[in-house]
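Okay, so subunit A shows up in both of these, paired with subunit B first and subunit C after.
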Partner chain A sequence: MAKLEELKNEVKRILKEGKVKYAIGYERDTNGLLPKPAFIKKTEEADKLIWEPTCVYNLSRFLVDEKRKMAKEKNPDQRPIGLIIKGCDSRAVVVLLQEKFIKRSDVYLIGVSCENSGVVDERKLQKKLKGKKAEKIEFGEKENFVVTTSEGKIEIPASEILAERCLECKASVPVISDVLLGEKTKRKADNPFKSLERVESMSAEERWAFWKAELDKCIRCYACRSVCPMCYCDECVADTINFAVTADTTAEEKAQKIKWLEKSPVASENFVYHMVRAIHLAGRCIDCGECERVCPLDIPLRFLNKYLEKEAQELFGYEPGFDPEQPSLVACFKDEDPQDFIR
Partner chain B sequence: MEKILEKKSLPQWLRKLSSYEIYAPTKEGDLWNFRLVVNPESVDLSHFQTVVSPKKIIFPQREVLLEFNSNEDGVEVREILPEEKPTVIFGVRPCDAKAIILTDKVFGGDFEDPYYWRRRKSTALVGLACTPPPSENCFCLSVDGSPHAKDGLDMLMTDLRDRYFLESLTEKGNDLIKAGKELFQEPKAADKKEAEKIWAESAKKIKRQVKDVKRIPAKLKGMFESALWDEESLSCIRCGICTYLCPTCHCFDINDEIVSSSPLKGERVRTWDNCQFPDFTMHSSGHNPRPDRATRLRQRIFHKFQYFVERFQNYQCTGCGRCVSKCPVRIDIIEVLDKVREYGK
Partner chain C sequence: MAEEFEPTIVAFLCKWCSSAGSDLAGVSRMEYPPNVVPITVMCSGSVSPLYIFSAFNRGADGVLISGCHPGDCHYIKGNYYARRRIALVKKLLEYVGLEPERFQMSWVSAAEGTKYTQVIKDFVKELKPLGPQTKLRRNR
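What follows is the complex of A and B.
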């Protein structure tokens, strides 16, 4: 497993050599167990970095913020930012490269291999511990995690508390990086679409009832959109006023803006919002699972994305986020495309 | 008025309250939320913290204000006021009840919001003392609250294992007791002592606190342009979790929802809005006076610990900890306030 000291040293080195303007990794939050994103600007700050099975966040999302920030600056620092990425996160970076949203020189990638393990689902862990509070979680020797509680250390098999997406992982080793920490041992996932069986086995009526109940809970906080590295549009149909409105936008243009969905969190509008989100991620989502993790109402959003991921694979033999040179499925035109509508 | 209710008699009491709409915390998957009670037998008050606070019952996320219809004579506009239905919310945590009296200040005063007050006046709040504190991020003791505070409640219930110790605090509370009077017993001196002991133990279990919170409002005064807001908001992803889940946040937007454009027909609707969304302050010109994460985080902190204190002499935060627990990137209001207090030292 990637050694924390190696990670800290690499971050210190690139900062000291001025290779990057800053680095983003993980540090511990104030409550002492879970991590939070750490923005490291000085070499001495690198000592607060951590690398543990709790490091769930897909930090590639911050590349979007950086690009927006640079667009507003007169003379932006053109150096890359250092980014700590797991295998799944690396695929998100590759999608951003495939779509030419970022350039390879925008980011210095410090890959950390999850090897045959992955990250912990906090909710599964809480259930497993039945009220006991975890103080520390470490990668174990075999496929297990070592959890320290006030009553001592216990070993928990990885399969019991791994994040759902890790059980279906297609890339436990980063597919792209400037430096790779940890071994290239891959996690074996027998069926990357196993979790879909639960919804696929439902009849159309059952499925409708299931989604109606789930999407009824949505309070439209848009955390699923905001956390997603692929949701980088300047203009989003979900917003009442679009960002694309500038001082140059005429009153007529504004008046003609179509309102696609209402702010009201009612079934019809919630469905439109979630369908738009899912469809816009078809052939782009790399299943980092962040949307589902951040949902305060526990809506199983991964199902939607996963289903479209499967469709893209089955219909077009396409898997996003493996090759930066491969044209993006939904954003390229090929002469041999079978559909007539595009000709 | 103080009473004792056997836990097994709770469903019978709820049945006696059939003239009320009853809301209670309901477990859905791993989460708790307030839902309308259909079956009194299923009500379980052993809950932890609901994801969304009970503000949503009094101040719903969507509320129709009026409807409009065009006809031969022009446009007919009809005001839609909420029905005055006697309502009772069970299992309200003291922090969430306090939040409702803070919201009263906003929707009251010189202009009384009729939509809010119709619901507010017909709703009784039955509190449940926090024994133990329901979240590891509870910090009510720092913001003039406590796990057994009575502010805003019509009744406070304390769980004594097989019984509840009930304290009615208002006329509304007395009416609830009268409705099921044969079910209650008079408490013995020992019952109240037991409740007080449980309260004291629970308060000790609250681990998180904002030290020296009284100094925050004055300190913030000089920090409008501080670099702290940039530093603390670096990881903010601009979602609306902290504010939508906050029991005291009350901002709203008003939009017309058109059902038919010819003939014109639709509703004017008020929905929750959120100062953390970039479009909250976006002007039609494209100018945005709060253009980034830093200014939006600053607004959240200033509103709760400066502006509201100046206007209403209360923190607009009751220490429920939801914004800390549910933040996707663990931005922690307690940590931010600690940094404000220590800033520039």
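What follows is the complex of A and C.
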């Protein structure tokens, strides 16, 4: 495809000109369908790059890691990082910019459009192929995906194997970028909160039973936290072990260190952890769906974050990830904010 | 006959208004249910959602956040921030299936001792039929 060539050429160009220290994109993995993140440091490596509907990862997380790494170095390379971003990832970058976690000059954004579709859900794909193994997926014509299996090519309508979040996507084209490749028209999701209806239609008792069953499974591996580009705090309230104990720490100080929640993965503690995470992501979560994808126990974490996104929009008219200049949700207020629940 | 259930309410009262309001109720010898555990905070805006989840986690049957009326905040706009944040917390708690009556917010000024007693009376009355809060309580 011509577009992939454009992408490779752009990466080669910025590396050659020394504009960026390295570029992050996607390359084919030796194992499985999903690609792996590629760190391109030399121009000749840029040929490895791919851009397909299988590129599900949100690469903006690496900006957080890079900032940590730079803080430790004595003379860090101040040049920006080239980052290949989809629409949803670009919104994550906007939130990081809005919170002044990174500067605009820290990143060179190469936006790629999702061609009016999105990325695939691996499980939906497996179900659809009924046991056949997909080797490659490409963007096809008319919002179709061309899937290459061992038995030849099949065309599948994108809507059948798209990830759930892509069906509700608000930004199929990156909202900020230095260069933008591919289709530039935006697709409008008719109802961005459609999947929530399943939970919202339940009664309070059913909802409790639903969340209790889901959160009871959590083993507190913190994969959701590790993969989230917004979870960048150096110290997390969920940890009680990262309290720096030195030779000077007195027994009293150790005893008085507040333990907000226990580490044990029992339902009551899991509730506190997941509710805290949901509240901390309110007005920041841009629904990249990574937490749900990495969860080893398939907890529908998107429903928690998405719900608060919806409430923020309905109560306060707030949409995260579109304007880097707007103040964050809980750091601003309006006189007409609802207060009918207050006595 | 079994003893009547007495709920425990953890109340986060802002230092400048609601706490003074509860004080007024006290020195004026007004009667109200003794189910409240008052915690004075500097501002309703300083109540972290974590305090609320933690209170439920440690066995509170109800949590009350109380601050100055809009426009009266000692820190000019702390209660506006609180209003926004608490609205989200309330929505979230209802979403996971906790009874909405268990989490309340009120505006009580330093002169409103009577309003404070009324808020507590109503809160206790609403909590009694619900029974103990076991959903988010630490179960060990």
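What we mean here is this: the second predicted complex is superposed on the first by the 315 of 343 C-alpha atoms of A that agree within 3 Å, B and C clash if a C-alpha of one lies under 4 Å from a C-alpha of the other, contacts with A are read in each partner's own complex, and residues count from 1 in each chain.
Methods note: a residue touches a chain if its C-beta (ideal position, glycine included) is under 8 Å from a C-beta of that chain, and two chains touch if they have at least 3 such contacts.
Fair warning: this is a prediction, and the values are worked out from it, not measured in the lab.
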Partner chain in contact with A:Lys127 - subunit B first, subunit C second, else both or neither: first
Subunit B versus subunit C as contact partner of A:Leu315, first or second or both or neither: second
Partner chain(s) touched by A:Val266 [first = subunit B, second = subunit C, both, neither]: both
First, second, both or neither for A:Trp208, with subunit B first and subunit C second: second
Partner chain in contact with A:Pro37 - subunit B first, subunit C second, else both or neither: first
Which superposed partner A:Met70 touches (first subunit B, second subunit C, both, neither): neither
Interface residues of subunit A shared between complexes with subunit B and subunit C: 262, 266
Sites on subunit A touched by subunit C in the complex: 199, 204-212, 237, 260-262, 266-269, 271-272, 275-276, 278-279, 282, 304, 307-308, 311-312, 315-316, 329-331, 333, 335, 337-339, 341-343
Residues of subunit C that touch subunit A when the two form their complex: 49-50, 53-54, 57, 70, 77, 80-81, 83-85, 87-99, 104-107, 119, 122, 135-140
In the complex, subunit B residues that touch subunit A: 28-31, 33, 51-52, 61-62, 136-137, 234-235, 237-241, 244-245, 253, 255, 257, 269, 271-274, 277-279, 282, 284-287, 326, 328-332, 334-335
Contacting residues of subunit A [partner subunit B, same complex]: 29-31, 34-37, 39, 57, 61-62, 123, 127, 133, 217, 219-223, 225-227, 239-243, 245-249, 254, 262-266, 290, 293-294, 296-298
